[in-house]
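Following this line, the structures themselves.
What follows is a pair of complexes built around chain A, which joins chain B in one and chain C in the other.
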Partner chain A sequence: MSIRVENLWFAYNNVPVLRGISLIAGAGDHIGIVGVSGCGKSTLLKLLAGLYQAQSGVVEVHGACMPDDIRKNVAMVMQNAALFPASIRDNITCGHPMSEESLWHVCEAAQLTEWITSLPDGIDTFVGERGGKVSGGQAQRIAIARAIAKNAPVILLDEATSALDDGTSSAVLAALDNLTRSRTVVNVSHRHETLSGCSRIYRLDGGRLYEL
Partner chain B sequence: MMRGLKKLFDITGMFRRFVILTLLRLPFDPFYNIIHALFLKHAFDAVNDTDKSALATACALFGVGSILLFLNNGTVWTIYSAFVARWTAALRRKLFRHISSLSLKQMEERTAGEWITRLNADLRAAAAVLDQPIHLPHAAVSLANICVSSIILASASPMMFGLVILFAAPHLLISQLAVVRPMTRLAADVQEAMAENASDMDTVIACADTALVYDAQGFLLERFEKSSLNVMRKSMRLHRRRALGNGLIPLMGISGYLAMLLAGGSRIAGGAMAFGSLIAVLQYRVGFLKSLNMFLNSMTNIKTAMAGVKRVCETMSIVPEE
Partner chain C sequence: MALLIKLMHKRFIPVIMSISASILALFVSLWWNRQLSDIVYKINSGIDIPAASLAAAVVAMLLSVVSSYAMSLCSAWACEYMAHDLRMGFARYFTTLSLAEIEKVNVGEQMSKLQNEISEVAGFLNANMFTFISDLIRFTGTFAWLLWLNPKLTLIAFIPTVFQMWYTVYTSRAISEAAQQSQHANGRLNGFAESLVAVFPVMKMFDAVQLVRSKYDAVLEEWERAAVRQERRRAALMSPSGLMSCIPLLLLLAVGGMQVVSGELSTGGLFVFINLSGNVSGVMMNMPGRIASFRRFAVNMERIEPYMATGFSAAKDDWRSGVCEG
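And then the complex of A and B:
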């Protein structure tokens, strides 16, 4: 079992957002969750990522139950890819040691190689925090490269494809494909059509999950 | 420097009011210096002649003159403080309006930390032109006093004036070259380092979730510490320069004083000068040097503030798109 959520409750300041969520995902499953904006999708993902502690119920990810341990098992690509104001290299490695060879391997998988080699400073080019110096699609692919580099068994995607325009989406989709292949994935979106590759889709509504 | 100040007042307006307040403040130092010297001269002459009533008159006139001067000075400074508060608020408002009128694309070209620094630290640094303890009006006031003291000294005793200049000139030269001139550059380095540091601090907070998932907090904190250290190093360079300027004062001051005492003493012994006149000349010298130091300090401070002024003007000169 890759992900096990049982009767999970979560509230912000006593306002419940998730009311008794249960979810099971086996290794390699691709789960989609759809729901209107504000229904609690990002909150659920943060719990699955070990960023929040469940207030009641169980969250188990790849055998880990404590948030600190859960975080080791997941990689996450967020809605508006937040980059560090640092080099592309540092954004991908997050300061962890990594061989030049695997770094380029990661860039290749994230569809970044062509763009990076066209830059005067290459992989050491400085990027702004909100991707100030890069396009949305490039920032997204750097965030995906970061996730690929972590090589975690569970991948969490928060609206990873919702904000893409047609021109850049194919490269991002190819990058996402490389990231998610043969891993357990929870993909969250407010648009049903972006979840077409998922094996199972749920709707989050009123703090509960309904299988579609 | 003048161009930067003009630009700053173009942004804020209120230049006329500033000039009027400075002009009102201008006579204080020369008048005080003259009153002080005249008092010393007449008091010592009276003591010399054992004329009690002349001494009493000198004391009374000095007392009344000082009270009137300080009254004028206090009133002007009070109005000035209120003016500076309004002026700084106007500058902040203009700066904020301008930054918020920029397009998203222009906003995104710089980090949040950079913008926060432009709104806060840069503004504070620029406002220092008018609101730190020694600032632009002080430069004007001390310059006025330097001129008045020089004229009086030169006509009272050209030889003594020559001595004052002889000992003040090296101080002026060294301060100008080693302290005043590099200040803007050193301060600009500090502002830049602060912007980078603010951006690193902002990242630790804004990217907290990403940092947690990717175990990058250590990496981000290390960056923050590095840029904090850089701010400290850059600030230390600036403060060491300022300290150098202050260290020069006693050295030049005491040797000049001794030279004048020796020259004056021999003239008094030769009957060419009254004791009261020597005391008065020494007082004009004190006024001259005090103003020279104040002038150098104001120039150091203004030059430091110019780094902020430049950055504020640069921010204001970004042309909003669309």
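And then the complex of A and C:
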């Protein structure tokens, strides 16, 4: 079992957002969750990512139940890729040791190689504060490369393709395909059509999950 | 400095009232010194001081109090209005941006501008702006009057101030470069701190605390180095300037004393020169600091000028209400 959520409740300031959510995902499953803005999709994803702690119920990811342990087993790609004010290399490795060969393999999988080799400073190019020196598509692919480099068994995608235009989405989708292959994926989006590759799709409404 | 001119133009009435009060204070001061010179001369010569001279001295003192009060009031009034205009101009700038531009705004950097540059500019306006203008008026008026009274003594005593002025310009330029580097580093530091909020979930998820800490330390050390360099340079360059500023008074005592002994100058006249030398050499003594702070002010103004929405040309708006038309 890769993900197990049982009777999960979560509230912000006593306002319940998630009401008794239960979800099971096996290894390699691709789960899609749709719902309108503000329905609690991102909150559910942050609970699965170990960024929030469940107020009631169980969240188990790859056998881990504590947030610190859960975070070791997941990688997440968000709508607006948050980059560190550092180089492309540091944004991918996050300061952890990684061989050049592995690094370039990750860049290749994230469709970054061609762009990086065209830069004067290459992989050591500074991305700017809040990624201000790179485009949205490039930032998204760096975030995907970071997730690939982590090699986590569970991948969480939070509206990962929503902010992309047609010109950049094909490269990002190819990168995402490489990221999610043979991994457990939970993909949340407010648009049903972006979840076409999912084996199961749920709708989050009123704090409860309904299978479609 | 176009922004400063626009600000002063917009608040023309309080500005001109402050300058007028400064000019009045200068004339009162010169007149008072003239009275003192007469009194010292009469005492020295054993002549009785007439009641009219004493009455004139009392009137001069009262006028001095009134002019000082008027100057403080008008300058505080003008400075507060100008500082308010700056903050409103900065706020108004963001309302002119498109959504795409607003989304690119780095909140940390803008907050840094508001907290550092605009606060420093407002601080300079309140603490130094009219003191600086008043100093210039006092310096020019007093120097011209002393030159008229005794050209030889004035030129000999105050010619070294020319070299001092050259040194001041050189030092203030060097200090301003260091100040600019320090402010740039400070802006980067604040921008970095702000971006940490955005990357916090990613930092936790990818266990990147060490990376972020090392990057933050690097930016912090860059700012620290720039700040220390600025203070070191200021201290090194300004110390000789303080020493040099004593030369005019020493020359005044030496040359003026000889003129008194030879009968070219009265004791009252020398007293006036010594009494008013502060208006010339004293102003010069403070000039390095004043010009350095004015240069920092100018650098800050240049940095915030692109972020000031236009509207300062609307000089017809009610300057008493502080409401802008733009």
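Quick note on the criterion: the second predicted complex is superposed on the first by the 211 of 212 C-alpha atoms of A that agree within 3 Å, B and C clash if a C-alpha of one lies under 4 Å from a C-alpha of the other, contacts with A are read in each partner's own complex, and residues count from 1 in each chain.
FYI, contacts are C-beta pairs under 8 Å (C-beta built on N, C-alpha and C of every residue); 3 or more make two chains touch, one makes a residue touch a chain.
Model, not experiment: these values are computed from the prediction.
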Check your understanding: Following superposition onto chain A, is the placement of chain B relative to chain C best described as a clash or a fit?
Key -> clash
**Study point:** Contacts of A:133 with chain B and chain C, given as first, second, both or neither
**Key:** first
Exercise for review: Applying the touch criterion given at the start, work out whether A:141 contacts chain B, chain C, both or neither, answering first, second, both or neither.
Suggested key: neither
Practice item. Scan A:183 for contacts with chain B and chain C and give back first, second, both or neither. Key: neither
Review point. Just chain B (first), just chain C (second), both, or neither: which does A:62 touch?
Key: neither
Check your understanding: Considering 7-15, 43-51 or 259-267, which region of chain B has C-alpha atoms that clash with chain C after the structures are aligned on chain A?
Key -> 7-15
Exercise for review: List the residues of chain A that touch chain B in one complex and chain C in the other.
Suggested key: 46, 49-51, 71-72, 74-76, 78, 82, 84-86, 90, 94-96, 129-130, 132, 146, 150
Point to revise | Residue numbers on chain A that touch chain C, as the complex places them | key: 46, 49-51, 71-72, 74-76, 78, 82-86, 90, 94-96, 129-130, 132, 143, 146, 150
**Study point:** Residue numbers on chain A that touch chain B, as the complex places them
**Key:** 46, 49-51, 71-72, 74-76, 78, 82, 84-86, 90, 94-96, 128-133, 146, 150
Study note, to complete from the structure: Residue positions on chain C within touch of chain A in the complex are 104, 106, 108-109, 188, 191-192, 195, 198-199, 201-208, 210-212, 214-215
Study note, to complete from the structure: In their shared complex, chain A is touched by residues of chain B numbered 108-113, 199-200, 202-203, 206-207, 209-216, 218-220, 222-223
